[in-house]
């Protein structure tokens, strides 16, 4: 019990938490492109062969695009919720670190999705990882709302916001389930999910 | 309609947008060098073989140099236009994210250009991607000028600046077209284009 | 002697030291995921084969998780001790650089541990590197306490804090020794060690 | 002429130049470790084979260490000279970008040196690249001293500082020349050179 209490201590500046998080977001988003490997051609001058090679990369382009939009949305919403906190404590820093750990994991399921776009297990895993990331984000959000909300925002937050956020979790999991029936449908669900909450909710006055 | 209006909301601090953007620019620029792979030698001590290996890397060095200068120019001009904005809203953040997405894409066409410098499709793609990046930059610029311009800059901006920016788009597309006739000419056009607007225009008083 | 004195000079701002350090921490933590390579399948659609491939990656997931937590803990404690300093001097900058050098080294022993989880030498090396990183961290901490402590923190720091920090060094080295008898036990020790000092000690009033 | 004058215009904030530079430095320093590839073992459990594999990596460890120290020194001195400037103009930003371009190039000659430590061409190239980087650094430094020096530092700078900085250029080039006679001697020169100016000169009062 005393161990857990120590996490609620500390009044840490938010700027290094933001700098560290922005660094991780920026690197994740940029590493995604490393999966797009230049096709190997038997005939380097052949326009036709290169064209074919690029068309074969199409699933990788799609998974790159989807992941990029998802990570940008996480970044934007992270920006929003950190702006609600009056300072950081150790619990927030560790929740945020665990959230960033699974953000930095995103290049792996993205690569898997791009490499095996028709393998239901690969498509499912992508959705499960995104659902899990959304859950971690909700945990950070809920912690701030409960323990670290700036005085000026008290009473201005939608009381159902956390419950509404689970729509994203559900939508990614639906995609993960649908993948076993139809992988294209799962791709579409994954691409549509980030459109929900693409703009963080405004404070209510 | 109401959906679109929500993007114009929000008064977000510009510092995290800058931090995220600077992170992406810095990583893109640094990842470019990863394409320069150490040549594999059958005789590790052979100066001659290593010399040949390095000369074969010449197209990769060229494409690295050109992309580096182009990304630095985007960074500098980004610095300039963000300095014109009084704050960020969600529309700006998403426009900027889409712009950064295609900035982070640049290592791929750069690798393609370095690997297949005589394949017209590879050379064309480079120009098309750069033209597209310039278009996205223009979109961010135009949005700031129209919706978020700081009061102090009103009336000081060249009214034709957006139209003039299309010179860069045209020049990259010209390179992309010329590639089908002569790849060297396209390289030269790509290297010359960033010299246009290498210094952002000054406010007019 | 005069050479060494020069290092104590300089009143450098801490913000660039923090920015550089945060950059290194963020990149180290994100590069760790690059070791998780997509398994190569003979039959791209096979759920079973992909499942087996992912299970074989389990040691890599474990070493990724352990290293991520360790680097986050270093980041958090770094945040804490830099907050104790009134400014930076050249000695601090070089101590910090050497510390960061071995932080940026962490992806290598992590990859080794993930690739050869049953090779005692690989498991030992991981522990030795982490013990060495902890030593370097202690050196930075001790230097700040002795030479650069902010006036407001004088007398509030636990006088035994440096001695207590050696528990981490000892624990990593114990894991490194145990690896020659039982590699699983070493993994467990490595995973438990970061739980010590997971929250930096509070000032005593 | 009027084209060149435009570069002297602009009063840009230094914070984004610093953020971009710190990002590049942090990434360069961290990418260096990617060259340290896990050795491939025919017998994964063999301590002996892994030991041999690690000993064969020794030249890579050396080149990694040397490059890390060199880049940290560039970072520290960059920190110092940017602190002398009252603001940035376009000339400074472009000089700085060209300097960063060749900083981000450092992983390539480092990899070359680590891969072919006994090939005189590889060893020479490392020294030439470092000499060139030092020249670019001197250019940035000289530009700031001449055009952008803060009022408070006028008259406090060593008037021979630029000339003294050429010692580093000469030392790297000496290493590059010596490489053709004795590669070990070149390694030692490269390792010793960063010790010169390891602490930036203090203002003279």
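Per-chain numbering from 1; labels A, B, C and D assigned in written order.
Methods note: contacts are C-beta pairs under 8 Å (C-beta built on N, C-alpha and C of every residue); 3 or more make two chains touch, one makes a residue touch a chain.
Quick caveat: nothing in here was measured; it's all calculated off a predicted structure.
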Shortest chain-hopping distance from subunit A out to subunit C: 1
Cα superposition of subunit A on its sequence copy subunit D - rotation in ° rounded to nearest 5: 180
Label of the chain whose CA centroid is most distant from the centroid of subunit A: D
Whole-Å gap separating subunit B and subunit C, where each centre is the average of the chain's CA atoms: 36
Rounded Å distance between subunit C and subunit D, as computed from the means of their C-alpha atoms: 25
Of all residues in subunit A, the ones touching two or more other chains: 19, 22-23, 26-27, 31, 34
Subunit B to subunit A touching residues, read off their complex: 6-7, 9-10, 12-13, 16, 19-20, 23-24, 26-28, 31, 34, 90, 93-94, 97, 100-101, 104-105, 107-108, 111-112, 115-116, 118-122, 125
Subunit B contact footprint on subunit A (complex, rising order): 18-19, 22-23, 25-27, 29-34, 36, 38, 41, 44-47, 50-51, 54, 65, 68-69, 72, 75-76, 79, 83, 198-200, 202
